[in-house]
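Input: structures, listed below.
The two complexes that follow have subunit A in common; it is paired with subunit B in the first and with subunit C in the second.
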Partner chain A sequence: MNFKAEVFQNAYLSQGTREVHAIMTITAADDGSGGISTSGDKLFGIICDTSGSMEGAKIHAAKQAMTRIVELLPQDAYFFVIAGSDHAVTVSPCARATAESKQSAISAIRTIRAGGGTYISTWLSQALAQFDRMPGAIRQGLLLTDGQNEQVDEPRLDAMLNACEGHFQCECRGVGADWVIAELQKISGKLLGSTDIIPDAAGIENDFRGILERALKKDVTDVALRLWTPVGARVLFCKQVSPQLVDLTQRAHAVKPQTSDYPTGAWGRSESRDYHFAIEVKPGGVGDEMLAGRASLIITQNRVESKATEARILAIWTDDEAKSTRIERHVAHYTGQAELAESIHQGLEARERGEDEVATRLLGKAVRLAHESGNEATAKLLRTVVDVENAREGTVRLKSSVAREDAMALETRSTKTARISRP
Partner chain B sequence: MQCPACDTELPAENRFCEECGTPLPNAEAIPAPESSEDGCPRCGAPGESIDTEGYCAQCGFRRGRASRNHFEITISPHFAGVCDRGLRHSRNEDFFCIGGQYVMVVCDGVSSSRRAEEASQVAAECAFQALVAGAGIEEALKQSQAAVLDINLANSGGHEDDPATTMVLAVVEGNKASIGWVGDSRAYWISPGGNRQLTRDHSWVNEMAPSDVKPNSAQMHAITRWLGHGAPEEDPCLIDFEIPGPGALLLCTDGLWNYAPETDSLAALVVDGDAIEVTRELVNFARAQGGVDNITAVLLQFPVEAPISQ
Partner chain C sequence: MSPALVCPQGHQTDEPDFCSVCGTKLAAPDSVPAPAAACPDCGVPRDPAAGAFCEACGHNYVTGEQGHIKPPAPAPIVWTAEVSVDPSLREDGSPEPPAGFAAPPVELSKDSNLIGRRSDRRAIFPEVALDADDAISHRHALLNRLPDGGLVLRDIGSSNGTRLNGADLKPLVDTPLKDGDQITLGHWTRITIRSHQ
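On to the complex of A and B.
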């Protein structure tokens, strides 16, 4: 498969300007012309909360969903199942998804019982051991929980996340409304996945199937975005902005002076993502042209790095204001999408604190931004929390009673961005 | 030797005093960082830091930018030229080379093409070298065309926006001037005995427009011939011009003549004085009029050996 990169920016800066913004679109395509060889093996790991709070409908639905997932696995995939509470139990160790191993896994899943506390660090530790058996495979985890991690486990969880980083990717799902968004987002963020809510246990199976389908579509793993910047420059931020906002700024791993890698995980053919770079450079004089950044996609296979694609971010200083004041529309669009997510996050926080006026203003702004950018999915989620009077102007009223699940769904899903429409 | 500040006795080759750190006379002998074409003139990085497109791998600045914005060449009091970015364009895509006995080449990179500034420079340098080596105008044009096509593009493959440039070039031997051109950069003969535009623009206005149609400004500036990819294969336009007496040969780009489209109004700006002063004045005139395009003016005054009359 092949990767293609395209940069959208207004390279023209007014005299003295230091900040350079650019959107890079990376598209993976399998046009049959060779390029990057795909990773053959796929390893799918299920990590399921079996603490006492899962008792009843939730554990029943989770067991059913896991059984279904195991049944759906293609013969050439590998999988494992871990049940987590005070400690982790490997219900079904890493094995190829043959009819026999599926059967024995399903029998083992049947014996799962809920009980005990929530010590997520132990679950991840066990998962790490399983994933490390197949370091060359595409390694996708799925973590389901319904509650909060035990306070005492927090430092251990942080350390374990550092140990797991780069070893596998993980999607996180919270079932019900008693879990903590920030906690799961910490895990999914570090492990290059997303966090989402499954409001009703009946929805677990469907959600799991979606995750498995997406995982099976991945073809290459351990892909990094490598950014070179000139001496004296500073990366203000590096974010994935589509299909979902993921701030990668703090994830920079210095390769050498002036060059850092940002992890992007596994890619599937025909996948496309957008990244937003903001770089602060030493300003040049009028007429000067600078290479403000060179972004490339680096794929590591068997410890050998190969460069899949590259694009340049430029800065040209001009005294022509007609050129320098123009904001490139991709940059404008994604700046707006980031503002939309931030307004929702802060608006919901204000609402939680009872600051209705602030919440109304911020959520109203979010409604307006969602409307302007054509982000229909987010607009719809916003309507579960506010009554919209005028979407264009962003005038809203807070709903008097909002289901906790709805507010959580809005918060977790507000990071999904709309793709820029064609001009 | 002794340190001039603290009198410490030091080995002769020291560049700084070991005691007090005072720079010694030897310090000045340290060669300055190479400002040659090899290194980065901005940060001093060595030549290998410069990538194929001229960007420095350390400071990121593109080489040659600053000097490309405005440069002047004076060969003699009668032979000089100025090339200037103007006020509106972010880069200077004009270029010129002069020298020899007497060779003049002026190019205007087509701004809708990629790396136009490189096209104009590559073409002008190539033609200049060919002419100095004794090639004829036609041969110089042919070699320049090949040189522009040769510009290495990262993702080349014959695109409409591949590098392209205009060119006007002249060789003067005795009282005979051989002149060739492609596009709308011009040559003029300017003298008290009468002014003449020697070239005829390869432009939409001249070659395509029905005579009764008043062209809009885009058509006014559209050229029908150029050097580079997709250049029409037609016989080159060449003329021989006999220098009739005292006067001056002026080569310029449209950044200048656009502000004085009539030959006599342009000629009125070519005052007496050193060639470099006159060409500077021409460039300043175009800048004062708005400077919307890059501006190049190159002047050779006749008789070429005469003392300057002030």
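On to the complex of A and C.
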């Protein structure tokens, strides 16, 4: 398996300009020519909320979905199942997905009963122990909950997230509308996953299957984006901008002075992601050329780091305004996508607060941006919250009644960006 | 271990393209190629792409066998003559020298270069034409190149004679010249000989 990196930027800066923007596209490809050796083992961990609020249709659907997932696991995969409430119970410990272990796991899932509170830190602690049994495998977790974490558990959850970081990846799913987006996003953000809503318990099985399929496609784990910047430079931000917006700026781990690693988790063959870097450098004189950043992809296998690919971000100062004022189209596109997500986030917040005028303006802007960039998925979600009069100009009317699930779906899914179209 | 690279700002850098400290672009390493070994026979620098033989003379670098092609002649010496007017050479009865005379140096590119005065009627077109000074014979002297690249001066029976560095020359005798030699002739003409490697 091999990685390829490509940088899109306008390297020309006007005199005195300090900010350098670049989009880096990283593509994993399996062309059979060797390169990075793939990790063979895959460990899939299901962490299911079994607190009292899950009682009824939700726990029933969740049990059914888990059973289905266990059945679907390929023979060579590994799995475990954890049920969480006040504390965590390992329903089925880490084992290879043989017919026998599947059968015993399914029997154990059948005995799950809902009851108790929501102490997510204990669930993660149990999951960490299971994942740590197979440190070389691709480790994917899936956390399903329907409610809020208990207030008293918050500090413990923060500490546990720090402990889990880098040990496994976790997708978070909230079923119903009684959970808190920010809370699950905190978990999925730290554990390199996404947060999404399953509005109706009936949809759990489908969603789980999607997560499992994606997890099984991963081939290389523990991939980090390493960014070198020159002395005196500052990374303003580093974001994953495609397929989904993820601000990585705060996740930087300093490797040495001037060099930081941003974890990107596991990669599958033929996967492609885009990153947006903004770096502030010391301004140079007209005609000066310097390297504003050197971005490389680092893969750690058996504690040995190897560099998969590298790309350079340049800065060239010029007095030719025709060169320096041009905004590179990839940078422009993803700047717009970030603005789109931000407008939705703030617009929904304003709507929540009852500031209809502000909400109308922001969501109208979001409709316009989604229309301009061809982000159909987001445009469709926006139409569940507003009535669109003119998409091109962004004139909208707030819907008088909006299902809470729809607003939550828009909020969680608006980070999905549109890929830039071919010129 | 390759020697440490230093960027234009003076930082030691681990990277060959841009400084690993400050990001300044480093000069392309191609612009300072390592000096190639020279052929022991002909002295032409060895071209590593050309294989085991010297491209110029055929010397075999592997066996050390001598090449069959004569080494090329060393770069020829270029001689030039700089003509000037020196009023201090004027004798009684000479006409006044022209003021502000200036002429570009004449390259002595032929095997035989004539010093003299142009005459269309007699079809004399000297390489070093000194038409302004009428005490110079139409065919005055020759500057001849030797096969080894040297240059000799021969007075070819001029009416008023030729001096080299102030001494009268015997007519029809070759005198080797060197860089900086001064030839004076006519009323007030001075020729400075220059050699350029």
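Rule of thumb we're sticking to: the second predicted complex is superposed on the first by the 423 of 423 C-alpha atoms of A that agree within 3 Å, B and C clash if a C-alpha of one lies under 4 Å from a C-alpha of the other, contacts with A are read in each partner's own complex, and residues count from 1 in each chain.
Going forward, a residue touches a chain if its C-beta (ideal position, glycine included) is under 8 Å from a C-beta of that chain, and two chains touch if they have at least 3 such contacts.
Predicted model only: the values in this text are computed from it and were never measured.
**Q** Clash or fit: subunit B and subunit C on subunit A?
**A** With subunit A as the common anchor, subunit B and subunit C collide in the superposed model.
**Q** First (subunit B), second (subunit C), both or neither: which does A:Y12 touch?
**A** first
**Q** Who touches more of subunit A, subunit B or subunit C?
**A** Between subunit B and subunit C, the winner on subunit A residue contacts is B.
**Q** Just to be sure I read the superposition right, which of the two partners does A:A359 touch: subunit B = first, subunit C = second, or both, or neither?
**A** Neither partner.
**Q** Report for A:V231: first if it touches subunit B alone, second if subunit C alone, otherwise both or neither.
**A** A:V231: touches subunit B and subunit C.
**Q** Applying the document's definition of touch, where does A:L381 land relative to subunit B and subunit C: first, second, both, or neither?
**A** Touch partners of A:L381: none, neither subunit B nor subunit C.
**Q** Between subunit B and subunit C, whom does A:T318 touch in the aligned arrangement: first, second, both, or neither?
**A** After superposition on chain A, A:T318 lies in contact with subunit B alone.
**Q** Touching A:G287 in the superposition: subunit B (first), subunit C (second), both, neither?
**A** first
**Q** In the overlay, one of 81-89, 153-161, 171-179 or 225-233 from subunit B clashes with subunit C and the rest don't. Which one?
**A** So the stretch of subunit B colliding with subunit C after superposition is 171-179.
**Q** With the touch criterion stated at the top, can you tell me which subunit A residues are shared between the subunit B interface and the subunit C interface?
**A** In subunit A, residues 228-233, 258, 281, 288-292, 315 are touched by subunit B and also by subunit C.
**Q** Within their complex, state which residues of subunit C touch subunit A.
**A** Where subunit C meets subunit A, its residues are 15, 17-25.
**Q** For the complex, which residues does subunit B have touching subunit A?
**A** Spelled out, the residues of subunit B in touch with subunit A are 43, 55-62, 65-66, 68-69, 85, 87-88, 90-92.
**Q** Contact residues on subunit A for subunit C in the complex?
**A** Touch list, subunit A to subunit C: 228-233, 258, 281, 288-292, 294, 312, 315.
**Q** Would you mind writing out the residues of subunit A in touch with subunit B in their complex?
**A** 12, 228-233, 258, 281-282, 284-292, 315-320, 323
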